[in-house]
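Just below is one structure, and these are the notes that go with it.
Naming follows writing order (A, B, C and D), and every chain is counted from residue 1.
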Amino acid sequence: MTIIIAILQAILLVAIAPLLSGITRKIRAKMHARTGTSIFQDYYDLAKLWKRCEVKEGGSSIVSRLAPPIFLGSFILLAAGLPLVMQACPVPILGDIITVLYLMALPRFMFALAAIDSAGSYTAIGGVRELLVGVLVEPSLILVLFVMAVAAGSTNVGVMALSVANLSAYPFVAVVVAGVACAMACYIEMGKLPFDLAEAEQEIQEGPLAAYSGPSLAMMKLGVSLKQLVVASLFVAIFVPFGAAATAAPLELLIGLAVYLGKVLVVFLIASVIENAVMRVRYKFLGRYTWFVVGIASLSLVFLVIGI
Amino acid sequence: MFSYPLVNVLGACLIITSMMVVLARTGRASAILYSLQSLVLVGVLASLGAVTGSTELFTWSATAFATKVVLVPAILLFTLKKIGDDAQADLPPKLNPMKSVALVAVEVFVCFVAVSGIDLPTAAAVKPTLAVSLAHFFIGLTCIVIQRSIFKQIFGYCLMENGSHVTLALLAPQAPELVEIGVATDAIFAVIILAVLVWRMAHYAHTLDADDLCELKG
Amino acid sequence: MDYSLLLLILMGCPVAAALLIAVLPAKSTPRGVFEAIHVLSLAGVAASGLTLVVSAFMGNDIFALGEWFHLDGLGALFLGLIAVIAPCTGIYSLPYVAHDVADGKLGPSQVKQYYAFFSLFVFSMVLAVTSNNIIMMWVSVEATTLSTVFLVGVYRTKLALEAAWKYVIVCTAGVAFGLFGTLLVYANAADIMADPHQAVFWTAILPNAPFMDHSLMMIAFVFAAIGFGTKAGLFPMHTWLPDAHSEAPSPVSALLSGVLLKCAILIVLRFFILAAANVGDEFPQTVMMILGVLSVCYAAFEVYKQNDLKRKLAYSSCENVGLIAVCFGIGGPLGIIAGLVHCVAHGLTKALMFCLSGNVMMKYHTRDLSKISGIISVAPVTGVLFAAGCLALAGFPPFAMFVSEMFMILAGVAAEVWWAVALVLVALVVVIMALVRMITGSALGRAPEGVTRGDVPVLALVPEAVLLALVVLLGVALPGPLAGSIEEASAIVLSYEDENPVNDSLFEDALATLAVDEAPEEVFE
Amino acid sequence: MLELILLSLGFSCVAGVLSLVTSKAHAASKTIACVGGMGAAALSFIGGLGALFQAATYVSWAGPMPFTNFTLLLNPLAGLLIAVIAALAFVAWLYGLSYFDEYYETGIGVIGFFMNLFIASMNLVILADNAFWFLVFFELMSLTSYVLVIIDQTEKSLKGGFLYLIMAHIGFLMIALSFFAMASATGSLEFEAFRTHAFAPGIATLAFVLAFFGFGAKAGMVPFHSWLPQAHPAAPSNVSALMSGGMIKIGIFGICKVCFDLLGAAGGEIGWGVLVIIIGAVSSVLGVVYALGEHDLKSLLAYHSVENIGIILLGVGVGIYGWAAGLPWLAAIGLLAGLYHLVNHAMFKGLLFLGAGSVLHATGTRNMEVLGGLAKAMPVTAVCFLIGSLAISAIPPLNGFVSEWFTYQGLIGAAMDGDIFMRIVFAFAVVALAITGALAVTCFVKAFGVTFLARPRSEAAERAHEVPAPMKAAMVILTVACIALGLGAAWVAPVVSSIAGSMLATAALPVVEGVTLVSLDTVSVVSPLIMAVLMAVVIALCALARNAANQKAGVKSDPDTWACGYQADLSMETLASTVGANVKTFMGPLYAIRSGVNRAGEALSRLLGRALEPEGEKAPAAPAKPDAPISRYDRDRTVGIAPAEQHAPALSNSVLSVVSDLGAWFGRMEGGDFRTYIVYIVGALVFFLALIILVR
């Protein structure tokens, strides 16, 4: 039974990912006092690209051909595993935080490999920067999940969500501080403005997309927007689990779905507001921000250890 | 007449004669002074023999006379002739005479203090001579250390031998004579070998100066 | 078979050979004759020596000439060492002397001198090992010095003569102190023993050692340790070692380092036993420990810095003698066993290394390690033996010195002298660095162009192969009789402790005794 | 089972000697060595596997040495190690069938002999159950591997070999001290006596710490890791695979044997576990950070051995902590994680080294800068290297992920009921492990991408050709092993957990339900098999959709890379140094540690050198070497981090110079004038006489 929910959930997330990135573009346009494109613009782009003829670069090998499906596929799997609609993980084996973290490493691995494979220095630097952002965000993310695991008594995301939902996670302040740190870490991971402009291909960090065209490019763009959604919903699933369906009754599921969509919309709204209020930070100084997030995460660890 | 004070007096003469051997300038002079010194040594041995009444000491003084008074100086004079006079056999010692005398005096004093510390029944009566023999040994050692000419260093070795002979006689009067003969022949062979070495050094390396012999380093 | 007669034959062979060679005119008799006499005397020494050693292991003490000469378990171990290494180096000197004659470095009279004094040297060492009369011990050590002077100075170069002169002066001066020590012991013993004539025999002195004057005994032991330590090459008195070894022909330095140092250590050990019986083992052990640790640490750094092949091996001898002194300094059954095993192991290994250095000098005509490289490519068999020898000297497993070093560490740890063990281990690491650098630097690498390819004559390789085989045999399996002899020897050394006579296998209960006194502490904790 | 292993030892010795004897006939000698080695490896593999499921077999002969007899013990832990080493040996010999063709002139007989002896001595070290024989075979192992490291006698390999042997010997001495401390307490050299004797806490801690740092030096832990990247790359590739995969595991085996087996009776201290965890965490982070700075493929992999040893130590550390704190389930999961990662690391590190060997065989160089584009010329090697890289970066379905997952569960489980201090330690360890994981991904993207992808940057890379069949077969076997150990975790984990149980003398921890791996304490499950199936399905769907779209619209291939309108050329390709430079901007402080230590070492040696220098012969300051004109390629490389050999472990160089300075200073005592020598003797006499007065 939960398998079906997982599949539906995955399909749902793939469907609404372009919508949400369209909404963020709309919000940005509104804040720049311009009308901007419609919220469905992403769908149109994907459809157009899907029909285009693809150009394969000279030096690239099988790795470039395999990168887009693996990139999208792993995020679909992640989407299926998270306890969004239900409080428990629909597919428990995908629910462990270590599996989630290391499964996110696979698309990054293939993304960077494809970047190097395209033999261009522009795309390669983008790929390497993508890896290094991952390296910088990893310590704070794992510290937060460590705190939650110890607080909730299990490394499974579903159990964590359950314990936060019924407020049984013991050191309450530690959980809240961990939530703040997780929010900031997810924000960096989503590739929002101060750190990176995900949608713009010209942006260095998304440079590797320059090597793709046609359906592969469409799949990669879909993957990028799905990644933003998955990261956001990871935060939502663990720290804002209220309203998710406790049992598998169809009514509860519908309510859970609606509540989840609302929550994600609110998160994206806040994110795009923050995004447009700040300037782009230079890549070299990214380290300072990430160490700041690690600082907050270790603060939550201190609270956990003291036990308040 | 042959009482312990005589032994002590002869011991004192030993010190004086060995000092003269150290200070002698030419090789020939030190050879002659050495035979004189050995004569005094034979006197000590004889008087000791008389005093303790051990017959071995008399045979001992006889062999000492044969070897030390006659044979060793002969060997040394023969080698001196073989070397010829040009090969700086008579280099002055590094320390000027006054300092060496002072050094010898210090050594004698230190030996007396040391020997007074040991209380040994057999040597009780002849303590001063025991101190003298110990001092004699160290005089030989200083002779080797302060000489520049390696020919003179042979005399240093001979003085050390004499010192140990006297100690042997004092501490072990009843030792089987075979032991004494072993030590004496050993001394003779050592002198012969040193002489041959000095001859070879003069013949092949054309130098007898100890300061030249410092090439092997590290 | 009357063993005491055999002992006299053992001593007689080399003396007869030396006299025979001395008598023959140098110019006219062909070199072959000298070599024949030389080999015959060595064969005699080997045969009689080994039979005597085996009989001593069976446990019966052998006396000759009425207590003047005595072969007990301890002496037998060192006599065995002489009986093995002297023939090997003797046979090795045949091709070596032939090579030097061909090079024009040795004239006929020098060859005659070489073989005569070689036999005299062996005779004096046998004398030193078997003599029971303490003054005769001093005379024999003095005899070893005198007999090797002309061996060290056999080449007529200034450096060789300088080395010979330094050797004779430093040794005689040092050993003279030994005579003082002997005299004090004799006087001390003659004082309390009924028959003064007996007071000169070591076996007679031992039983009533405890009743002798304590302070006099300590002074005597210090004189003896310094005196005979000079011949053993312990730290402050080792200065003659590098000079003598670098100038002497290789077989002589092999015999010098391999056996002479061990005989001197044996005599120091004899005085150690007397002193321990008299004043308890605490003082003599501290003296040996200080001398040992100083020698090991000083020589280890010298081995690393030294660039002359034979001086490096000489310093390594000084270091290993220091190790033996440390083993005796640690004391207890384990320490003594470690010391004795190390004597045997180092004797064999060092003789091997000096013979190999002889081979290397035959090929490269220089002792400077920076010019020697690629021995394996120039002379493959010598190169492989050289590398194996270096590893053996560094104390790697399949070789004998590994066993003795392990024993030393075990003894040190068991005796809780942590500071000494730590210092010695640091020094051992420095030595290993030096020897491994020697392997990578000279055994491997490219050969310089001036050197002719092709190995040294076979006769020059056979002794090394025999020695290496023995070293590996001792490293892998300590054979029964040798283990038995070591146990018996250490029983003699430990005889000063009045514990019950140690039963058959000393090794097991050597360790067990540790646990016994260990255990009570824990119980009370 | 023990008889099988002993038979295989005999087999390898015979093969070794035969190959040495026939070393003149190159081909014959090589085949004898390789076939004999493979036979022996197969036998010991079966023997090792058999031992996993049997109780320990103990055999003791009255050995050649009088003081102790020759005892061997084959317990499940030893069986696991022997099986791992046998597998690696089999693959290394198979690989050697064609890889050793290059080594004909450097002496194939010597390699055959010493490699067989090396494998035999490793097996014997694992089996030895007696302090003396353990030390003998341990040192023999270092000796034989030393010969293999310096086999091609280049200046770099000789220096690496020298450093390796010295560090191995220092480790050996520490282990000897630890064993003899235990022997002096129990009165016998037999491990059996150690096991039954309850050591006093003081001796137990001393023995453990000495053994830990002794075996750690062999395993390449952080304080003693500087020899590993110098020595392993110098050996032939299949030998360095065997050394990195097998030999450093003996270090881990030693730590487990001393801690759980020998000191087992009295129980351990919590402090031991903390020490192991901290050193493990530091090793893993520093190992991977230094690996990022490497340009030489094999020294990069060698640094990664340091990192993976750190991860294994984390697992073992949790095991020791759990065992000391009296939490058997935690000890079991910790040991399970450590041992499982040990097996996995042996497999993927062996695979990566063989891959590097194939690159070396094909192109003749190990420097990644000049390679590139090898994937097209060497497809099999590329695929195997890719799977190896995925495995070592712990990407889910493969074996690296499974063992790191267990390590995480162990750490987090331990943190759940640790006290304040322990939680901080475990948090530090978890963060270190996570950083290591992320950096490993970066490093292996660089290693695989720069070497195999994009276009060849030199003619050597262009004329690269696929390696002959035996080498391909060897790599494929290891790749299959990696995948099997990953997907088959549900069958392998219970076996490893039973080994852990046998070590702790507790019942085996239940870790598997059906196909999923269960971690009871952290209430979490993972199933590599199901995950692999799901991933395959989803990715296949996406690929099919994309290819369908391509069918319709067609796919063109454009020879040039898109370089934003410019004409793309080779110099535009990314180099290993750019990745290194990027990392340095963020991981600067960690690099500062190494360069700081090196500078301190140099300053110390200069200071001591000046102090010991005799006034007269003050060495003139060495004139600065004129900088050779740097080609553009070289300049790019120096922009990032200088390759490892430029800043070779200056610390060890400074130690060497300090030793020679001391030697020179002592040497001055031997001034050549023998009269001063006599004064030395008199001085010694006076000193000891004074000692008498002191004593009396």
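For this structure, a couple of remarks:
Going forward, a residue touches a chain if its C-beta (ideal position, glycine included) is under 8 Å from a C-beta of that chain, and two chains touch if they have at least 3 such contacts.
The shown structure was predicted, so the numbers you read here are calculated from the model rather than taken from an experiment.
Number of steps on the shortest path from chain A to chain C, with steps defined by chain touch: 2. Between C-D and B-C, more C-beta contact pairs join the chains of C-D. Here the chain at the heart of the structure, going by C-alpha means, is D. Note: centroid distance chain C to chain D, computed from Cα atoms, is 43 Å. Rounded to a whole number, the gap between the C-alpha centres of chain B and chain C is 32 angstrom. Each chain gets one centre point, the mean of its Cα atoms, and the points for chain B and chain D are 70 Å apart. Here the CA centre of chain A is 36 Å from the CA centre of chain D. Among the residues of chain C, those in touch with two or more other chains are 165-166, 169, 173, 215, 219, 242, 305-306.
Among the residues of chain B, those touching two or more other chains are numbered 141, 144, 213, 215-216, 218. Counting only pairs that meet the touch rule, the chains in contact are A-D, B-C, B-D, C-D. The part of chain C that touches chain B in the complex is made up of residues 133, 135-136, 139, 142-143, 146, 149-150, 153, 156-159, 161-166, 168-169, 172-173, 176, 179-180, 183-184, 186-188, 190-191, 196-197, 200, 213, 215-216, 219, 242-243, 246-247, 305-306, 308, 311. Residues of chain D that touch chain B in their complex: 667, 670-675, 678-679, 682. By the touch rule above, chain D contacts chain A in their complex via residues 373, 375-376, 382, 386, 390, 393-396, 401, 404-405, 408-409, 412, 415-416, 420, 423-424, 427, 430-431, 433-435, 437-439, 441-442, 444-446, 448-450, 452-455, 516, 519, 522-527, 530-531, 534-535, 538-543, 545-546, 549-550, 552-564, 568, 572-574, 578-579, 582-583, 585-586. Considering their complex, residues 50-63, 66, 68-70, 72-74, 76-77, 80, 91-96, 98-99, 101-103, 105-106, 108-109, 112-113, 116-122, 124-125, 127-129, 131-132, 134-136, 138-139, 141-143, 146, 149-150, 153-156, 159, 210-211, 214-216, 218-219, 284, 287, 298, 301, 304-306 of chain A touch chain D. Those residues of chain B that touch chain D in the shared complex are 141, 144-146, 210-211, 213-218.
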